[in-house]
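These notes open a run of structures that come right after.
The same chain A turns up in both complexes below, where it pairs with chain B and then with chain C.
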Partner chain A sequence: MKFRSTIQQSDKLACQRSEDSREAESEDSFKMNHHGMFANPTGLVRGVLVLALAAGLVSCERPDRVEEATKNKIFLAGNGAEPKALDPHLVSSVGDSNIMRALFEGLVINHPSDDSAHLPGVAERWEPTTGSDYKEWTFHLRKDAKWSNGDPVTARDFVYAYHRILDPKMPSPYASMLYFLVNGEIYNKNLVEEIAIKAAPNPEYPWESIKEVEFGANDQSENNLNKKGLNGLDLETLKQVQADLSTYEWPEVLSDEAKQYILDAYVAFYEAGRTVQKERPAGVVAKDDYTLVCNLEDPAPFFPDVVKHTTWLPVHQATIEKYGDMTDPFTEWQKPGNHVGNGAFQLTDWRINAYVRVRKNPYYWDQKTVKLNGIDFLPLDNQFTEERAFRDGLVHYTYIVPGNMIESYRKNQREVLRVETYAGVYFFRCNTLKGPTKDVNFRRALAYSIDQETIVKYVTMGGQMPAYGFVPPSDAGYKPPNKIKFDPAKAKEFLKAAGYESGKDVPEFTILINTSEAHKAIAEAVQDMWKTHLGIEKVKISNQEWKVFQQTLKDIDYDVARSGWIADYVDPNTFLSLWNTTDSNNETGWSNPEYDRLLKEAAGVSDPAIRYKKLLTAESLLLDQLPILPVYWYTRVYLLHPDVKNWQPLLLDNHNYKFIDLEAADTPPVKP
Partner chain B sequence: MEGLKYIGSRILQSFFALFCIITITFFLVRLAPGSPLSDEKAIPPHLLAQMNEKYGLDKSIPVQYVRYLGLLSRGDLGPSFANKGFTVKEVIAQSWPVSAIIGFLGLGIALVIGIPVGVFAASKRNTNTDYFLMGVAMLGICLPTFVIGPLLGLLFGLKLDWFDVAGWENSTAWLLASLTLGLYYAAYIARLTRGSMLDVLSQDYIRTARAKGVGPLKILFKHAFRGGITPVVAYLGPALAGLIGGSFVVEQIFGLPGLGQHFIKAAVNRDLLLINGTVTVFAILIIAMNFIVDLVQAWLDPRRKLTTS
Partner chain C sequence: MISSSASDSGVPVVEIEKGSSLGKDAWYRLQKNKLAMFSFWFFIAITLICFVVPLIPGIPNPNKTYPDLKSMDAFQSAVSKDGEKVFYLLGSDYLGRDIFSRILSGGRVSLGVGFLATFVSLTIGVLYGAVAGFIGGRLDTIMMRIVDVLYALPFMILVIILVTIFQNSLWLLFVCIGAVEWLTMSRIVRGQVLSLKNQEFVEAARSLGLSNWRIIIRHLIPNTVGPVIVYTTLTVPAVMRLEAILSFLGLGVQPPHASWGSLIKEGADRMVSDQALLIYPSIVFAATLFALNFLGDGLRDALDPKTSKD
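The block that comes next holds the complex of A and B.
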């Protein structure tokens, strides 16, 4: 029983003393085991019983972990998977951003009950510069905001953070969130050609004639140099290519003179000591220590919503650079003891696959609002284990509930079950480049023969909403077109229009899913619906491991693939921008100039009503062309202990932990 | 002298086997599709190129291999891709005690239950007691840990509330985890023990002892036990390796931060260096266990000589 003594220092349990005496007892029972082992089997049984009883008594005497934690105001939260990092510039998952919101605070913070409302964070107030048409925003920072080591939080910290996440060497999966800033994309992608060639045009080699050259990276390429693109090569390598043009793969039509011209321009650019980052600084400036100005590429009336995202959090320069290079993702600054944040909580402990512990940050400016003493984020990635842990009183909150248990909770323990709208959509991507799904009428036939209501009611059973469009409904003012409603007659017409007399003529194709029982069940339902309503018989389901699945999607090497998308901020743009021709998450091969134009136009409009109208036209177009087959809009289903106070349903589920409180409920939940 | 020579050659063989395992793992992992850097939020190609370069993944596989051997020779296992800020060494150092403890305790439980049940069943050969015990053992072998684990959790964790159902520090879930692991191997060991005890009990020397009037208990424990236990000892090596290595499911079920979890998750995440690291640790463990078991067997059974033949 020696592991009982490795009790965490900060919140020791009250009954530790009595445990110590039990310890001796149970050790005795171990010994007894050994004595009686061979001579007498019943002795063995008795030994085991005594051992079990001793352990049983120990845990019987202890109050539930959650009761104890509620008393100590430590929120025990199931958090899905183990965090990939504790650096806001390296994370991308929902669970990781939960931890980020506890450790850091952005300019604007989440409202406790409304994800589309804003509260002042490090910024006391903010406004778009009058006449800038929502393209220039000024944030006035509070003077009392502090890092967890006592340093003041200044506008320069934000400038540093935004330059860091946009740095071409920084492996940030989510840097594109900052492309809102002027030059954000040029800076991040290191687009040398924008300056060295486009900005200094040569009449002999007009841009149109050379634009096919791989300036940017092409990870599909066989050639290692082309993988990095011209912009990824350093001066020395460029000179080598200059000496031997064949080491790089050029478009076939390009003359050797044109190639030389491009390389000369690049070499001259670097030899003059110029860099993209110097000449096109990202659109963020610290006017003084407490005034931050952001200049945006396009008008964004919803900009305060955007800066609530984890990618816009500040980082502490001195700490990051104390432990290594600014762009090195493997340094130790993220570890307990080293980590410095500016949130309501600070990192105190981190054990892989066991917990991330955060405790109250004594330097946080708004101490009086913070009710909790700390949070333990527990990476219980087995949803059944998490559910058992909740029933055993080990966690206040679960990340998820197994689908087949929702009904039983609804019947027996309604008070702990939470079913809430969540801004996300479950859909299938279609390959628009090859296979039967290349035909738009065939895609329409597939879309209209998916009975979304049946799936929601009998397959997912989590209170999801059938998705009649792509953008989920919200209170933010955008009314989605809701075009795709189950209609087998219409679907059959589309099938005919696609040139198939009956479903039997449709060539074999495959629904690709990533390995998961839940996805498999939905895919099977859809497979059956296509068979019943369209008569398509040759639909296969194949599954791939997550990482392989991602690669297949990227290569657009599938017919129909399961997908999901969760909003980054409350605005239809976060969903619709996916289907831009150039968006790296498009992954369907779908490209529609009209759609791209509508999105671009919408981005240039500041009046929300007109903007929404343009986005609505864009979504209608998307739902007409259907590179995607919508299935349902997400719900968040989880368990919450009644001790947790001030926890309101949120559209993006971005809870601001400084408002959460714990208080022993009058009626603790009944144990089953 | 013969013995020392044997031990020496076995150690050499072990190192060679270890080297082969490290090499094969390295190449297999890199030939698998998918990359440690691919994720749901698609990473733009320019960043992917940057990251591949940063982590040396843009080099050819043989070059990466030579680099990795260089790292290894300096006792460095490299960084973990999925657990940023942690090195593979730190990850393994944090997690192996968890797996070792539930593994060894599981083995203890397996022996404490399995051997007596096996001996008892052998002594009651072909009676209802025997059939019953072996039936239960068969059931134990057939029920996978992901069924037994949650059942034990429900019974001892929730219904009786004796143990915690999850967690490591300040928790009792590891006892349930050991029990889950132990029961499966107990069932196997019980059947193994019974079989070999029956074998020994039908030997001539047992008949002689019986003819001389030695009591049944004395025959069982003094004369038959030592011979009957030998196959169990031979089984201990693979069993312990399996207990510690195969604990992934059990660690998941009881939310324990052990090495088994990393073993599987590293493969799913394509966390290349962590896969290499965990495989190396397990390989060392299995090789060492087999080695020790060979020595113990030789000691138990004087007919076995420590020879290379």
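The block that comes next holds the complex of A and C.
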């Protein structure tokens, strides 16, 4: 640690010199750590110095920031990237949902140490209606649950929230979680054809003959109207299409009469004042203020697990509608001061790229359990910065640990390093709509030439498991098929089958990653594996900031993109349902009717053995078609300050912050 | 008459002192500046090493990874699990790539950016400044106000926007940087031209009927060469530093390719566990920047003796 000691020497000077300004400096030292380079375009050297100073300032004799925070019971948590929004209906990343879990409380909440246990949240108790085969669930809400402005939380708030996330106008990335509800999908996708055409069959134009029409959105289409799909067009536009059929792209086999028939049906549907949402209401009803009934499409014995997810959180109607319409996505209501939640904590401050600050919610029903006074979520998306912040006593908890530091922590500071099983998979998505990855054999060649073991052993180094399949192995009884083992000879055969004599003929394509040194290292390793084993030379790596990256994925505007998926609940379905044609997180363009059918069948079965068998067949199909290239199964590797109490390992890592406590440990951690 | 009488009368021939050119004088003065000369040769050496040494067979491919041989120390050779023997002159990085050859390949990018971007800025800046200065009047005012406006734009953000638009292209990155670096150059040249344009040789050229364009190209620009050379040697390191900052922000070269800036960033992130990753590229980069700055200083003294004694 020679380098370290020289930094500290020079810091002594800095400490003396800036005695007076220290307070102000350390207040912002996160920002400096994080953005010192932006603030100082004058020079790299100076940037490095600023960084060293900022990191060093805190290591002066004065108590660490975490010590003070522990005293005040403020939990300082590294939280990955800057949150996309503070609205449970707009977020989809792990870091964002951590914040949601502090700000909101669902019907059922996470147990502090057992993922499959259910604790009463807003719902006091719940039960499936007898005889409904787990298809109807009643939740009895507690009377003392309150919003952070004092309003009572009622069953109507949940109904409002579920209608909001399912509304076709709401750009919610995760609405598919609510397809469990009866009509959830029809409602969310505004499937007019289901009612106007399929439910009123016409012998002249049977459904089979017209089902190829783009009723739903086609993001890949050149034609603007087709992008929205017939279901996305309003009455006026439909009438324009009716007047000029060529403004819409139809399947070639369709006669003009058939087109007219479809448009007539649509126009008549709207002109009669009918809407999908009215005729196929989502399966959620408030029987009275404190009784919520959910009707499900398929039997789901695990339904209480599902409603723990952030997408099932309630929102406060009056607040949302004060600052805009129900479906306006990014309005002022998410700002501190306006934000209203019902969780153990409420939002007090949010500074972009600095922190999201939440403090105890005075109206929370279970005040006596809440130990913390607040949490600061810090967007530290550079894992090295985050690790430095931990070392310098700026955070209690890191989101991740850089691979190169794991060994040193294992040796010198075992007590802060946490290595836990984590139900997640790291993989690459392939664009199955265009580019070289459109060819299934090419995708197979790519998949079989990724040496997962080398990546796990030498690049990530966190005890991860090489992923030979997609669904991580678990104790629940599902055994993944494990097909994709590194095999360069097989990969070469597939490359030939894809029509490339050698890797040199492969057209240029890009691996897209979100900005992070860890993803970069893995991408570089994979890039070189493809070069070594397949001879593919023209692979580029490009990086995008998290929010942009998510949008690019959504638009399917990439060749190969780094991805990860963490279980929403303990069941292989949470992984496999991703690749359903209609899933909003599919984002590869991959669509396989056989696969969709298998999943649908599996959903209708309540016997786990038969269900797993069907899911297994589905996963084998997925691993044969490979819209994704599996790399490894996650382990959770992070740093946790010994002051943090009641923090138990969790398979899904959804910690319920109201159980977390802070108490100064007897022996402060030794600095490495 | 003079010549014949001189030879006839046997009077010893007076050697007419041979005029020495500006360049020769400058070179002579520069040679007396030891630091500048050392920097000059050092810079040539670094450039040659970066561009020539990788051609020698046996120098490892800078992008070839050996994940099982990561973080090796300097002067070590090892056998990878695929049975390849690798010798690491300066050790290996976090994917087992050879640091020495990565510094060389990074140097090609950094120096390339330095030269190319400087060339772009030189071309735009000199022509723009010369035209504005020589034509003068309203055109000059308009042109220089444009420069003022561009000056006022936040420089870093402008480059970031340009890089974002022309993503993934190293060549465009060079051009982008050059295109925002020409402003000072144009001001310097304009100032020079303003002081030159009323001198007799320009009058003479004009009276011979030369076109404005020809006067600018043939008579004015060559006379501004001193300050331009000096400023150029100072632009090269500035541009290299800018590229380093962009790479540090993740906007520069795309992986797996490296520049000195991106190597330093990778090293800075891992400086606790892998000091070598930070130290070697930083030393090379800093030494090159110092050399170019000393050379620029020395050239200023050499080309413009009047202002050198300040």
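Throughout what follows, the second predicted complex is superposed on the first by the 444 of 672 C-alpha atoms of A that agree within 3 Å, B and C clash if a C-alpha of one lies under 4 Å from a C-alpha of the other, contacts with A are read in each partner's own complex, and residues count from 1 in each chain.
Quick note on the criterion: a contact is a pair of C-beta atoms (placed from the backbone, for glycine too) under 8 Å apart; a residue touches a chain by one contact, two chains touch by 3 or more.
The shown structure was predicted, so the numbers you read here are calculated from the model rather than taken from an experiment.
J.: Could you look at A:541 and tell me whether it touches chain B, chain C, both or neither (first, second, both, neither)?
T.: The answer is second: A:541 touches chain C but not chain B.
J.: Go through the superposed model and pick first if A:520 touches only chain B, second if only chain C, both, or neither.
T.: So A:520 only meets chain C here.
J.: Would you sort A:596 into first (chain B), second (chain C), both or neither based on which partner it touches?
T.: Neither partner.
J.: Given the touch rule stated above, what does A:298 touch, chain B (first), chain C (second), both, or neither?
T.: A:298: touches no partner chain.
J.: Of the partners chain B and chain C, which touch A:217 in the superposed model: first, second, both, neither?
T.: Touch partner of A:217: chain B, not chain C.
J.: With the two structures laid over each other on chain A, which partner does A:661 touch: chain B (first), chain C (second), both, or neither?
T.: In the superposition, A:661 contacts neither chain B nor chain C.
J.: Is A:584 touching the first partner chain B, the second partner chain C, both, or neither of them?
T.: Only chain B is touched by A:584; chain C is not.
J.: One more residue to check, A:382. First (chain B), second (chain C), both or neither?
T.: Touch status of A:382: both partners.
J.: In the superposed arrangement, does chain B or chain C reach more residues of chain A?
T.: Here the partner covering more residues of chain A is B.
J.: Tell me which partner A:402 touches in the superposition: chain B (first), chain C (second), both or neither.
T.: Only chain C; A:402 stays clear of chain B.
J.: Taking the stated contact definition, name every residue in chain A that is touched by chain B in one complex and by chain C in the other, in rising order.
T.: 3-4, 37-38, 41, 44, 382, 384, 388, 672
J.: In the complex of these two chains, what residues of chain A are touching chain C?
T.: 1-4, 37-38, 41, 43-45, 47-48, 51, 382, 384, 388, 402-405, 407-408, 454-455, 457-459, 510, 515, 517, 520-521, 523-525, 527-529, 531-532, 540-543, 672
J.: Once bound in the complex, which stretches of chain C touch chain A?
T.: These residues of chain C touch chain A: 63-65, 67-68, 70-71, 94-96, 155-156, 167-168, 241, 244-245, 248-250, 254-256, 261, 264, 266, 268-275, 286.
J.: So in the complex, which bits of chain B are touching chain A?
T.: These residues of chain B touch chain A: 33-54, 58, 79, 82-86, 91, 94-95, 101, 112-113, 116-117, 119-120, 150, 153-154, 156-158, 160-172, 174-175, 221, 252-258, 261-262, 265, 268-270.
J.: Using the touch rule from the top, collect the residues of chain A that touch chain B in their complex.
T.: 3-4, 6-8, 13, 33, 37-38, 41, 44, 52, 55-56, 58-60, 65, 82, 84-87, 90, 92-93, 168-169, 171-176, 189-190, 216-219, 224, 227-229, 231-232, 329-335, 351-354, 378, 380-382, 384-386, 388-389, 391-392, 394, 545-548, 550-551, 554, 584-585, 587, 671-672
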